[in-house]
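In the two assemblies presented below, chain A is common to both, partnered first by chain B and then by chain C.
And now, the complex of A and B:
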């Protein structure tokens, strides 16, 4: 098996190191409103920052209050303690908490004389022709600056080549979802596979996922007491899902920005406006309730997924202080109730300090579904 | 010679055991048990053909298996039963995996709903379980099957342990707190309900500023009631409403909950602290009966 690397959830930085050893740049990004196609087109390795297995964010607490989002704070910790050793950071204004990563890292890097490519793009919170136009201009500015930084100009051709690769990844993740539907891949495994995309070189990732899928197709379905879906705040820790699955649930679907939402449908390219195609795609994706006009669509996607994946219960995990997922439960629960799917709400922090509390809730939820 | 004051553990509540006087000698066909090891208390309930036969209610020690054995032995005292006589035993509570003689584990959420259904009857739809270190708002159907639930997170404020801390601080027996909290002229504002340590500091400050113990207790019970009312409101209130767990015995909290929510909780017919263990024993009975029915098909 050469796909074992997919299951290494710790952030090793090996792939980025190897990439940089060839004289190229590797840049971190936060939030899935940063199109990786632009980084790939500039021959820059995109590393989606995550805080998996972070157990202490005390350095970052000097910069971000303990009342901030622990996910964002833990990413800053990983930047500060050298877990990530990258050439820069690109961020969209996905949410205010995550935006503070960029603000603080820009200041800290400057203070420590660490040369960094730092850039923020504005991702509008409504979707219409005007906002897509604005977003496209933001992406163009990013493409121009990255091209200068990497000495490789971003062109329509290089963007199309990048889209071909990311579309291939999207297709593979769709196959992974199909195997989850057949209960051949657990939710824990699936999140591991999807997380590996954050910091592996894309060609290496595609090859590994293909091998994993070929193996997994021949498996027998996993027996479980309840088919579950997990939704909510950024979740980059497969151990969290493992706690749920150890109690008899099988997480067959998700609506997470580190899960299937990070991939989505394929990008359809308009040859006359390649960057516009990317802007249109990313702003129309219903990934996060940060947007003002996509929340009913997100709720509908979740309800539809419950039907498609025969989901018996939804676990809604909310990071403490999460502004995006703070109040969705109020609106979503009636929609789920209408299709007979119960919902369990759980609060969490990036550090897995409350595994026991999650376990008791998950077990009781499974018992409730089993009746 | 220096005389030292004898230390009194004001938080210690009364342990108890009970044997059904209407069943002096049991000769039935099915005996099931439920053992609920909570963070603060452990209960064992024995059912004879589905009827409560005996139970015990004692403090949880530092060793959960010992607590389980201690509780079941105390429940079996004077019944003539031994562990070998138990057809089926279910462990529940935080220490459910540490009941050495159990056949199965079930969460206390499921068990409390089932137990409350037995204690209060099939009209119960909302159960508030106020335990040693957490509280739970549970909805159930007419059979006592859970339909939704919500638990408090992380802090002992609003739980039995928080009440024990205040009992020790004010040197008031925990069982007297409820009555004393009404010996006031006017209901005071609540103390902090977000943290039991903050609440303790605040109570100390109030005592120093001249508040009576009764007034401080009223402020604390008020805060605890407010905290659980928020939990109940988040999960929604459907009548009938019942309270289980140790705090259900504290009228200082329960009456304030009723007042804040403008509802009346059902009156218990049994010790509210045994609801979890009772539910476990009832579930055990149903499982055995289902298994036997299947075998006889």
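And now, the complex of A and C:
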């Protein structure tokens, strides 16, 4: 089947290589506040950097220290060891850990005489007219620089064409979510499909997901002991969800930045202000608790998703040294309790050293829900 | 370790407790007849009593965190209460700091910065001992603050204003903050019921004039520290970090003026306020100030003649305001000074900002011992650490000692352990003579 590529979680770099072979540029990005539409409009292939299956990040640790988040550190490792061989890196100041990937990579690349397009955009942490205006100016600067870099000027027309494509992806992921709701697609599979979007060329991705959805629609629902939702720090390892699902849970919903939230609703374009529409969309999207004014809205989204997907338990995974996703329990847990949904908190590292412990805790959680 | 005149099992009134402690130090110094150092306590008395008595004096108490335009808060006749002063004040008191840190760790990550853990812990326990009328905070310095502030907003349940600080401190960024200052003024009008009228603007002008005086003195103090030998002790840097929240007050100017006067006098007499038998080394502490053990700087002075001449986070580079009658310019310069606040200028933004601070310090202060006193909560500065220390090695030929510490939680590392680490470095890498042996 041609959609098999969706399930290869290793970072092969194959699509990026093919893209670059045609004389075009491929640029990495970190976090959800870099609008891929701008890269696509400049005919640059956006590669969302991830750290899946990174088993050793010691070289990067020398740069970022052991106090850093292992996900961010592992991404730097993949840049350093050539797993990613790209033309550059664009980043927003997602969280301070993610931000330092750029600082370090810029420095290391320069030291190694590796030519890179490096650019940081500021992404505000509150949403209002002033911050959207600032963000739009940041995006305009990115669009101008990328246009120069790729020799393809970013125009309203090219942005609209890119939005049409990303909206198509958003629509497909909404269909994927509907199948998760019907228990026809597991959480492990769903994360694999969504992760594939990080490294595949968009047309190839759209075609593959369409085929997968067509097949999955005809499936019988998966039997499970508990319908679960997973939330928390950047999770780019489907094996993590598999450990939970092997214990009888079915992860039917998520609130992860590599999950459905990375896709979100469609962008509505105002023809008179296309870039403004993008800025408005990305800043209003409740994708990450890095912002200071969206916590209650994020919590409400989670509670609403629990109701909509008949979730019986929430697993809140926190990466060690991740502050962004560190403090949600205090207000979220009571909100979930009010709708009868228990929450399990687990700490993790990018390298899955504690799968056995996760399995034990997941099993106990599923059992508790069953009772 | 500081005296702990409280029962850790009972609720604490932080403001009363601190005022009482500062007052006993004050009385003690009075009774001992130590007029030459009274000014160091006078300023502390002012800070804490101003907060304690805000309501008694008919003023609103505006708590704040991160870089905010304190001068505007003062112009609206409110008392700004810098919440960071609580953790830095109690950092050497193991039971008290631990009490709040432990409370926060029940609901937030242990990896969070203890500056924020303490503030949040006090809020969770509701032990500030004063009612907060409003909370103004910023989206920097770091992810720890970004967990703490929204939670504190909800715990305080009072009107709140958030400044979004841009990652890059460039023209666009200053304009962005200036636009938010424009919006802050009507918010303050609503909070206080006072108008931004001619009288208020005149008051604001006076505050800015005073702030200019403070920052001018601070620059002169910086220049004095550049001289060899440095006559001002390392621990004075800790005191001077108070300027950002206090600039614009006469008390702050007076404190800096006295410090400068004393420093110049010592220099003229060929004497020193440090504990050095002889200045041998000029140290830069390039990450956070070690509030949980400021005595370590005295010890370095006494033991190795190593004077901390500057610290990277606290490095003061205040903005002297230009045309005080030009609102557009004042807004813009207020924005600049917000983004130049200690902890913001070097730590919160591209690592290259920190390198700029390093250049200023290492060139101008003739640093020859480099210590990365790395506060464990400050993960993003650790993540810039190698870039910064490689730079120092390559450009200045100085190897850097890395020491992990908790700037606020004294339980993290004992004094003996810390001394052993620094001592080994000083003796085996720097080749320093130990004066006390």
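Here, the second predicted complex is superposed on the first by the 371 of 371 C-alpha atoms of A that agree within 3 Å, B and C clash if a C-alpha of one lies under 4 Å from a C-alpha of the other, contacts with A are read in each partner's own complex, and residues count from 1 in each chain.
Operating definition for what follows: a contact is a pair of C-beta atoms (placed from the backbone, for glycine too) under 8 Å apart; a residue touches a chain by one contact, two chains touch by 3 or more.
Model, not experiment: these values are computed from the prediction.
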| item | value |
| --- | --- |
| Clash or fit (per the criteria above) of chain B with chain C on chain A | fit |
| Where the C-alpha centre of chain A sits as vertex, the angle toward chain B and chain C in the overlay (nearest 10 degrees) | 80 |
| First (chain B), second (chain C), both or neither touched by A:124 | second |
| Touched partner set for A:239, first chain B, second chain C, both or neither | neither |
| First (chain B), second (chain C), both or neither touched by A:104 | second |
| First, second, both or neither for A:371, with chain B first and chain C second | first |
| Which of chain B and chain C A:168 touches, first, second, both or neither | neither |
| First (chain B), second (chain C), both or neither touched by A:354 | first |
| More chain A residues in contact - chain B or chain C | C |
| First (chain B), second (chain C), both or neither touched by A:204 | neither |
| Shortest CA-CA distance in Å separating chain B from chain C in the superposed model | 5 |
| Contact residues common to both interfaces of chain A (with chain B and with chain C) | none |
| Contact footprint of chain C on chain A as seen in their complex | 62-65, 67-69, 72, 93, 95-97, 99-100, 103-104, 107, 120, 122, 124-126, 130-131, 134, 137-138, 290, 292-293, 295, 318, 320-324, 326-327, 329-331 |
| Contact footprint of chain A on chain B as seen in their complex | 94, 106-110, 145-151, 153-154 |
| Touch list for chain C against partner chain A, complex | 107-109, 111-112, 139, 142-144, 146-151, 154, 162, 164, 166-168, 172-173, 176, 179-180, 183, 348, 350-352, 374, 376, 379-380, 382-387 |
| Residues of chain A defined as touching chain B within the complex | 342, 345, 347, 354, 356-357, 360-361, 363-364, 367-368, 371 |
